[in-house]
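Next up, some structures in structure tokens.
Shared between the two complexes below is subunit A, which pairs with subunit B and subunit C, respectively.
Right after this comes the complex of A and B.
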């Protein structure tokens, strides 16, 4: 009985962890590669959820498809955000702390605007597969967890291939390490960072659609993800996509076990506690470049 | 400072609309929070996103001790200050390993951890919150809220006095050295760890002190309100809008933003007031990083040089 509970919790945790990777992916690019502390990323994910909700409700499209359709708009928003950030902070060289407070303010504004427009009611999407389950013996897998896991894996793999195989992708990996060398290779650092933040925000659209498939969403849900995603990115070694995926799966499993054996109200603290311990003991993460 | 206190006393005698006291209480609480945040954020250069955590710990320490032993408010305030001060001390030791943006994120994590503990602590009501009964007697004041008003006014004056002392004394110069270049300060013999511990402990204690009377002010507290993100946002926004360089900045920021919030909440809506704070924070960080005090100083300088 305990074993069944344990195995079910582990499987649920892996599925949850895959989804966390999708949420952390964008931050892994901005924070890990560009040193832009985009604390507002979880808020953008919530915007992705609401966009999905609107498309699903008005056009009846599949939520995941809706999320993918929204990516170009999110990409554009990310590009504009970087332009603004660059002109206001990066160019004047006071990015770290002012930039952090800036994104903190953006996060708050996004949340308040969502509350003003949609209220604090929980919103959800409709699709045929939500609510169905498959079972293997005593292990029960809800499709509303499996579909996000698969989509998250596809997206993470896609971003990984883009970053490691294409010229622009490799330029993104290089930009925080050596600006000058990048310029000598014929790439404009500002344009590359702009592209990277665009991609990072675009992943929030898909991650948001996955979030609202997993469960109903209201504007302040995003806050709980701040600890999780930063824990994942730092534990994963700042910007390594493989590390991010591994760390996300770990946190998913630990949270799921805590929720099963100690009660769901303790689960949100797991990510934050792991984050604090990581920062205090091993700030370079498990797979980090020291 | 004494003049402000006397003015407050006169205010309790003259004003009879209770709303003014409620509004002033909120603004004065904001003065304490902003002043406390600035001791670490402005003087020392460590950004704290977890102000709501220290505030909430203060509020919940007061609730727990009130429920367990029925202690009077002044003792509760002392205990809450000690408790949050200790947590501040712990956060100070964190700065040994965690610097810059990592410290800011760690404080945010700290706040959520304490909120989760409060949610799971049944003795103080858990997630559904706790009620506090207001006492029947209120010393020599006309009403309960007038007493709370004078209490928070005294606490606010006390905080500002401490903050001003810290900024003008040797400690303040040490803190400024840490803010500008921690490694250089350490090399020049500035006892950085000791100063940082003073800074984080005083900040934590002040926020705890601000949180302790809060349950008695609202009479009903749940984790969502005591650890509200708005408290953290205000604690950052007010010093940044007022100006972080001096002890005066946070006070001006708190009075301007806090006063505006009260007016907007009453005349438009409470959501609008949240939006305005967010927009003002982003606007001031991007356009006027030195805040209102900085703007006024620049203006005065320009006029003098003309």
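Right after this comes the complex of A and C.
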């Protein structure tokens, strides 16, 4: 019985961790690699959820497909956002505090616009697989959690390969380390950063679609994820995509085990304790460069 | 005549003129005051977690204002609202009420929506000795014992325990009687209060509590919790949850095959049309609290007209489109305030409070009589059971037959299906 609970908790934790990774991925790029404290990222995820909801409700498309279809628009929005951020703050060297305030502001504006346009009622999506499960012996897996995990894994792998195998991807990794060296390689740091923020915001479209598959969404629900996703990015090591995925899975499994055996109230606390202990031992995070 | 005398006469003439002008102008200014609107002040959750309810409440309150102003206003004066968004943040509430009373100088105050937003206003209201009609606070006055506090949610005189009394009364009537129970609550004031009462009721009934935990806001996956509950194999599961948790728990329980004999209790969200539509048949069998449902036993005068107006106004505003849960009560608490002010014939807070203690009011949610602590003198927290719910159809909830009233007996509209399947 205990073994059954334990294994089920581990599996549930891995699936939950996959979802956390999807939400944290965009932040890992902006915060981890570009040094942009994009506190509005969870709000973009909620916009992703609403976009998915609208497509699902009006066209009846699968929520994940809807999220993927929305990525080009989100990418474009991310590029524009960076242009604005660059002109207003980064160019004048005011990005540290003013930039943080800027993204805080964006978060509230996004929330209020969503409330004004769509109201505050909870939104949910329909899909055939929501509510169904698959079983392997005594392990029961809700597809509502499995589908987000699979999509999150594909997306994380995709971003990882892009960043490590392509010229532009490597340039993104380089831009936060040495702007001058990057310019000497013939790449424009501003363009590279806007590409990176575009990708980061595009991941929010998919993460949003995963969130609304798992549960109901209303405009302010993103706030609940801010602490957790920042913790994941820092725990994984700033800028490491693999680290983000590992940290997300770790937090997911720990939360799930604590919720099963000790009490769900302690789950987030234990996640943060792990973060603190890890930072005490390895200040750069699990996979961060020293 | 001396110079001193002249000054004295002038003084007398001037003061006489002043007195005359006061005498002439005084009635004028009181007429002007009579024409001034009566200002009702409140804070309301228009953004943040409870905004869904707060916005719906505001629509209902505005319908009341339109109705009363059309009928000539209160004490012959038009009614005006002064309100601010508390963003579902309890910390903002004291500042809002201070401003309403000291800057806006409102004549009457009512509360925001929900326990967490009502409690922080209490010290300010109490200092000014104002009548405070409140909207859906659970056991707020337990700690304050304020004699001018009146609460419209029909929880009953012992709110914490009355809240779940129906659930346990029904359980006690079943054969064989359930023996074990799992309690789960969201980590927030309202849910914890509800489950605290359930714990007492469970102990009174001699149930063995096999699981008793809370979960934090922001929980995305409920399957570990549902599995842990399932492992204790309880006869009953009583849950105090908010909408995201309610949906997650119902889905998880269904996916993982958690089938106790009774399931539900104090789950917020299962009363909202959009969530009902999405959960569809997963709701069948769940026994949960509610306050008003369109069953034949609860057709009070005015409620259908009110809902028609509400549903029209709610269109496109992103609030609950049917509005069965909260809006009728948001209308009723102002209806009661209006009736009390009219009966007293003034804004004298003491007299209004006396009237509120002594009278049974006729409202769209039925007859309302407050007890000594400002809660309903007798509980009317309904326990309803979802029945024959079909997938993907919101309109089915507009009429009777989907949420059967099982408790209290005088409002009962059908028999329980037990055990829950």
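Everything that follows uses one rule, which is that the second predicted complex is superposed on the first by the 267 of 290 C-alpha atoms of A that agree within 3 Å, B and C clash if a C-alpha of one lies under 4 Å from a C-alpha of the other, contacts with A are read in each partner's own complex, and residues count from 1 in each chain.
Please note the rule applied: a residue touches a chain if its C-beta (ideal position, glycine included) is under 8 Å from a C-beta of that chain, and two chains touch if they have at least 3 such contacts.
Note that the structure is a prediction, hence the values are computed from the model and not measured.
By the document's definition of touching, of the two partners only subunit C reaches A:215; subunit B does not. In the superposition on chain A, contact is made by A:272 with subunit B only, not with subunit C.
By the document's definition of touching, of the two partners only subunit C reaches A:5; subunit B does not. Of the two partner chains placed by the overlay, subunit B and subunit C both lie in contact with A:115.
Shared-chain residue A:280: touches subunit B; no touch with subunit C.
By the touch criterion defined above, A:98 lies against subunit B but remains apart from subunit C after alignment on the C-alpha atoms of chain A.
In the superposed model, A:19 makes contact with subunit C only, not with subunit B.
Once the two complexes are laid over each other on the shared chain, residue contacts for A:39 go to subunit B alone; subunit C is not touched.
The intersection of subunit A residues touching subunit B with those touching subunit C, taken from the two complexes, comprises 111-112, 115, 220, 224, 263, 265, 268.
Those residues of subunit A that touch subunit B in the shared complex are 37, 39, 88-89, 94, 96-98, 100-102, 104-106, 108-109, 111-113, 115-116, 220, 223-224, 226-227, 230-231, 234, 263, 265-266, 268-269, 272-273, 275-276, 279-281, 283.
Those residues of subunit A that touch subunit C in the complex are listed here as 1, 5, 8-9, 12-13, 15-16, 19, 111-112, 115, 117-124, 126, 130-133, 140, 142, 144-145, 211, 214-216, 218-221, 224-225, 228, 255-257, 259-261, 263-265, 267-268. Within the complex formed with subunit A, the residues of subunit C that make contact are 47-49, 51-52, 54-55, 88, 187, 213-221, 223-225, 227-228, 231, 243-244, 247-248, 251-252, 254-257, 269, 272, 274-275, 278, 282, 317-321, 392. Only residues 45, 47, 49, 94, 97-98, 100-102, 104-106, 108-110, 112-113, 116-117, 119-120, 127, 229, 233, 236-237, 240, 271-272, 274-275, 277-279, 281-282, 285-286, 289 of subunit B touch subunit A when the two sit together in their complex.
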